[in-house]
Amino acid sequence: MPGYIKAENKRNLADRLDRIEGQARGIKRMVDREAYCIEILTQISSLVAASEKVASILIKDHLDHCVREAIENGEDPGEKTEELKAAIERFMRI
Amino acid sequence: MPGYIKAENKRNLADRLDRIEGQARGIKRMVDREAYCIEILTQISSLVAASEKVASILIKDHLDHCVREAIENGEDPGEKTEELKAAIERFMRI
Amino acid sequence: MPGYIKAENKRNLADRLDRIEGQARGIKRMVDREAYCIEILTQISSLVAASEKVASILIKDHLDHCVREAIENGEDPGEKTEELKAAIERFMRI
Amino acid sequence: MPGYIKAENKRNLADRLDRIEGQARGIKRMVDREAYCIEILTQISSLVAASEKVASILIKDHLDHCVREAIENGEDPGEKTEELKAAIERFMRI
């Protein structure tokens, strides 16, 4: 499977995850100095949206690479699409 | 594209959507008789989860049929996976 | 507790729930005639957003009425805020 | 407003945010070594759930402290509940 993340996406994803890590640290400082609750909540929703953006980039890479490869190799992609469905459901409330 | 929804899923989806329609009607009655707010919220989160379950079944069907067909026909599935990524993002907060 | 939903909101909520019921019916028809999967997903995410809007209106009414009343009556609102927290969590993925 | 976060929650929240920061770092390493996409997605959904748990703890603290204080001081809590409603909506898809 190595190689499935496009090189251009790898740097992009690393940058996004660096920012998410920094957001988590920033939120901890806000809690520590008891910043106004609503402002902390805004930062958390921003961290969540940033994390879900990373997930959607990976989902697209997975579709374009792993699912595609299975189909091109004549394999039944049913197992791959089933595990992707399960992964997507974890981002819904089900 | 017709035929992409598996017959067994079509009945399943119709039943689920009937229940969702009934849930919406039930919630309207709860609002009308001013049922306890928390109980109405519980019913709404149940309707939301039921709707997202329908979405995840369609996503799987789409992967197994439309995306697969594009790949098997030697088409670039990039457009199809891009529009699926956009659809999934609408179920996230981004 | 009756009376906790503001009269102006009651009509507003009933209208929104009528539309949600209509959306569920429309989605069932789309499935029946096998509309393009991505378009069905778009309608489902719209139904989900409409349902969560109803939830957020009820949460605000609950805060303004039930939680407030408990506090004004000198009751400990802890139980009310705890059940509201649990209800909100059902709209998150936890 | 300082003091609105209960001392017992402050340590609890700091611990949770430390773990979230560590999860972000772990996910970056997984991307770097190209761990299997589905496993990365599972870690991201876990980070999102952990972040939303922090949000729900803060929402409860805000209700028990800020909203309560406004009501006990005879202030109209409408502004506070309105901004809380907006914050909660950012965790929904609306």
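Labels A, B, C and D are assigned to the chains in the order they are written; within every chain, residues are numbered from 1.
Operating definition for what follows: a contact is a pair of C-beta atoms (placed from the backbone, for glycine too) under 8 Å apart; a residue touches a chain by one contact, two chains touch by 3 or more.
Nothing here was measured: the structure is a model prediction, and the numbers come from that model.
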From the options A-D, A-B or B-D, the pair that copies B-C, where over half of the contact pairs coincide: A-D
Winner on C-beta contact pairs when A-C is weighed against C-D: C-D
Centroid distance [mean C-alpha coordinates] between subunit D and subunit C, Å: 21
Separation of subunit A from subunit C, taking each centre as the mean of its C-alpha atoms, in whole Å: 27
Intercentroid distance (Cα basis), subunit D paired with subunit A, Å: 18
For subunit A, residues contacting two or more additional chains: 45, 48, 52, 55, 59, 84, 90-93
Subunit C-facing residues of subunit D, complex: 45, 48-49, 52-53, 55-56, 59-60, 63-64, 67-68, 71-72, 77-78, 81-82, 84-85, 88-89, 91-94
List of subunit C residues in touch with subunit A within their complex: 90-93
Complex contact set, residues of subunit A against subunit D: 1-5, 10, 13-14, 17-18, 20-21, 24-25, 27-28, 31-32, 34, 36-38, 40-42, 44-45, 47-48, 51-52, 54-55, 58-59, 61-62, 66, 83-84, 87, 90-91
